[in-house]
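Look for subunit A in each of the two complexes below; its partner is subunit B in the first and subunit C in the second.
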Partner chain A sequence: MEEKIMKMLEEICEDEVVNEDRDIDLFEEDLLDSLGFAELLVRIEEELSIVIAPSEVKREDMNTPNKILALLKERM
Partner chain B sequence: MNILEKIREMAKASGERIAIQGSREALTYMQLEEYSNRLAAWIHGNYGESKKPVIVYGHKSPYMIVCFLACVKAGRAYCPQDISIPVSRVHETIGSVEPDLVFTVEGELEAAVGRQVNVEEIREIACSFQGAYSREWQVKGEEDYYIIFTSGSTGKPKGVRITSDCLNHYLEWSIGLGSSSEEKRGAHFLNQAPFSFDLSVMDLYTCLACGGTLFTMEKELQSDYGAMYSFMENADIHVWVSTPSFADVCLSDKKFNRDLLPNLGTFLFCGEVLTTATAERLLERFEGARIINTYGPTESTVAVTEVEITKELLNQTIREGKSLPVGREKPQTWIEIWDENGQCLPEGGQGEIVIIGNTVSPGYYHRPDLTEKVFAVCTRNGKDWRAYRTGDAGYKKDGWLYYNGRIDLQVKLHGYRIEIEDIENNMARLPQISHAVVVPTIKEGKVNSLTAFVTGEIKGKTLHEFTREVKMELRELLPSYMIPKKIKYIDEIPMTNHGKADRKYLGGLVS
Partner chain C sequence: MSFYSGITFFALLTVILLGALAIGGGARWRRIYILAVSVLITGAVLIKSPRQLVYFIAYFLLELALVKLYGRIRRKYKRSAWRYRLFILFTLLPLIFSKLCELPDFREMGWFQFVGISYLTFRVVQIIIEMYDGVIEDISVMNFCAYLLFFPTFSCGPIDRSRRFEADYCRDYERREFLELFGTGLLKLMQGLLYKFVLADIFYQVMTVFDGRDFVNMAGYAYSYGFYMFFDFAGYSLMAVGSGYMLGICVPDNFRKPFVSIDMKDFWARWHISLSEWFRDFVFSRFVMLGMKNKWFKDRLKGASVGFLVNMLLMGVWHGLSLHYIVYGLYHGLLLAGTEIYQKKAGFYKKNKKKRWYRVLSWFVTLNLVMFGFLIFSGHLF
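This part shows the complex of A and B:
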């Protein structure tokens, strides 16, 4: 699953750096904006069947690849 | 239609109704009328006959609207500048307007020219200024009502002049979009776009013309879904005005549905391509709501075509694998498709979209050179009208217009209009960059992001450090939506046989 998520992130952020530095702040580094974040959640639902409502999570809980991975593992 | 008279009538008839609801405060129609009259009297009293446009700097405060109306009531155009625009770019705009007056409603700005009036002074004047106000001063006919600055290919923004007649003609049509103006009376309108983006004219003035209440949503709110949805729920929005991209952001959350907005009746979209995917999801979630797709550049006052995206039209479009139409032109407007020689093509022919009619701008502020290139006068039905060559590609079928991208290097990214060369020229201003070529990544027929290919001095930095530094420095020069998502350092820019940067080849690398 980890691989799948990382691939997804790489595609949405359009940058391999998300794989190299998994503690990178995706919003601060302009890798994700609100539209990219929305796309990420839609794809997580479509491809992993994990529903995350953006209104239930704070951006600070999903602003790095590691945090996203941890959150998704919790919800599996 | 005369929008200033409409607001005056509304203040008389329903003075206690909220006109503008901001996040911290609201103004009624009576307050909006009286405050703007007093501020207009102050402007006229202090600056008399000056016709210079006034810069209004800020974000979503109801006092932004007080300033807009006061300027036009005092006989001046206003030029809205949102706080999200980098200060250096605001200064460039100020430099080309050379205003004698700058209103700073929100944010920090030190204008080098003109008297700067801050929000405390504005409030003070609006509430208690005693000078007499006269309706005779207000902008009319062919005088400029507002000037909106958009991306210019040289790297400097250019100001689109919209006259009082343009705006009023536009409103005669926009009040009937999706529902009649009577049905919109007292309706709650959503304002998502900043006032420096002319999509906001659609919500602000259509709302005021119909006696509705405008709910202005701050940018900060738009990044916190929880807060954003409770704002929308409390606002009980009836008429939704946004870019399709913003609707996509909302749609990613299941909560965005009929339960959240039970009275939402109309979606008005403008600013970029509305995809079938977005329309489909909206129709599913909001049973009974009408989705109106519109099209138009800033140069022809917000929008000039409309079409309702019904289930039938949507299904047919999906079946045929096409993109959605942008619809039929408004009254007293002709849309024609021209070839490179300026010849009007028959139906079905692909070419440049040309708009002729009563909402076409007289041109760019103090730039006759740029104006001459794209504006003209055409005779239709025995009368002269202004015409604007949009640079958009398209074709017409059964009376409907279909948009087909650009014929030059302009792109629409999440509704924002960007001249690619504007970004490139600003990137080249950075000392570590010698040459920059920016190409869009296209996804599902829409620009999804921008990538810059650059050459220059990397000086022992890692690629990541270099990219970071470039992005950081660009923030001082460009609004964030214009900063390329990816910056790729290369040894040299590939060239075509004609010695131009090979955009096609570079474009192929990113899609």
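This part shows the complex of A and C:
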């Protein structure tokens, strides 16, 4: 499951750096923007059946690969 | 009396904030106090026109009923899409009426036209959408009243979110914590006064100098109008945020140095933040996600471009039904879509985006695009 999420992130951000540094700030580093974030939420819903609404989680709580992993594990 | 103008309002505000200091950070009395002073102030502002007050009361009761009713329906029928859409439409109806009544043919009706209706509607729609999402189960009548009536942000925002507001509203602050918040609020309030009543005024004076129709005059008007708009609205927002803090509610900031933006997306992350984040969360993201799920567009970029256009056009129409507001929305929609496509596709951008000369150039172009946008918005152009 962790692998699946990381692969998804890598595809959306189009950069392998997300795998190398899992505490990287995805918004600060221009790896994720509003569009990428929406794409991430759709793929999480379609591939993992976890529904997260765009206004539900603050960006600060979903801005690094580690935070995303932790949030999704909690929701499984 | 009007919000944030005139001696009566500011005298009353001073008394109210001193009262808040005396009551302190404990939730029990603070909650009652906030609600009581909010009813008092909004009532005193709206009563100027009894017709306005009647429309407001009708609006308020209607929206309260809709929220309570939808909460029940959501619990019973779960995520039923048509019921949800129907309730969104009902929630928006008064705002739609009030906008339509701006048109010459309907002007006499003036339905639901009262100070603050559009900002109130944003907040109610947020509650309904998040109920559908399953993020909000219910909201108590007292919290709903306080959230909607909260006088510092009643007329023009910043647009808070109900879950965030409720957390602050029901919070028991330690004495020191509350005093710190009060101090920060006071500074923001002072900064707001300076912005709105000194700096905005200066730029307004400058603006009137440029009354010709040639390029230099137009450019001068655009720039001075842009700075006037900023100091006026950022000043108002700071006063609202500051008063909020002093009552123990950390209202979100609305501006973050918008004139240093290096592209249009950056600009909308810094200008009227609470509005653009509202549109991002409740219009753009949802539209784009719906498009992706239902495969409306061939690729992501097309979906995003249409998303930006829809988003900004709606924001333009929300400002008013005049032609210059609609063109303003369209203009920003096109700019955002263009920025998105350029940044995703152009090798030139990817290669140079971190270089100093590129950033300076990009900042300069952005600033001028922004100022031209203000010129459209001002109605001075057409």
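Keep in mind that, in the parts below, the second predicted complex is superposed on the first by the 76 of 76 C-alpha atoms of A that agree within 3 Å, B and C clash if a C-alpha of one lies under 4 Å from a C-alpha of the other, contacts with A are read in each partner's own complex, and residues count from 1 in each chain.
Basically, a contact is a pair of C-beta atoms (placed from the backbone, for glycine too) under 8 Å apart; a residue touches a chain by one contact, two chains touch by 3 or more.
Since the model is a prediction, treat every value here as computed from it, not as a measurement.
Colleague: For the three-chain model obtained by superposing on subunit A, do subunit B and subunit C clash or fit?
Modeller: Here subunit B and subunit C cannot both sit on subunit A without a clash.
Colleague: Touching A:54, do we find subunit B (first), subunit C (second), both, or neither?
Modeller: both
Colleague: First (subunit B), second (subunit C), both or neither: which does A:29 touch?
Modeller: The answer is first: A:29 touches subunit B but not subunit C.
Colleague: Is A:70 in contact with subunit B, with subunit C, with both, or with neither (first, second, both, neither)?
Modeller: After superposition on chain A, A:70 lies in contact with neither partner.
Colleague: With both structures superposed, pick whichever of subunit B and subunit C touches the larger number of subunit A residues.
Modeller: Counted on subunit A, the partner with more touching residues turns out to be B.
Colleague: Once the structures are superposed on A, label A:1 by its partner contacts, choosing first (subunit B), second (subunit C), both or neither.
Modeller: Neither partner.
Colleague: Contact-wise, after the overlay, does A:39 reach subunit B, subunit C, both or neither (first, second, both, neither)?
Modeller: In the superposition, A:39 contacts both subunit B and subunit C.
Colleague: Going by the contact definition given at the top, which residues of subunit A touch subunit B in one complex and subunit C in the other?
Modeller: 34-35, 37-39, 41-42, 51, 53-56
Colleague: Would you tell me which residues of subunit A are touching subunit B in their complex?
Modeller: 14-15, 17, 21, 29-31, 34-35, 37-39, 41-42, 51, 53-56, 58-59
Colleague: With touch defined as at the start, can you tell me which subunit B residues reach subunit A in the complex?
Modeller: 222-226, 228-229, 245, 248-249, 251-255, 414, 441, 449, 451, 464, 468, 471, 480, 483, 485-486
Colleague: Along subunit C, where are the residues that touch subunit A in the complex?
Modeller: Touch residues, subunit C against subunit A: 126, 129-130, 133-135, 161, 265, 280-282, 284-286, 288-289, 292-293, 300, 304, 307, 340.
Colleague: Flag every residue of subunit A that touches subunit C in the complex, lowest number first.
Modeller: Per the stated touch rule, the residues are 33-35, 37-39, 41-42, 45-46, 51, 53-56.
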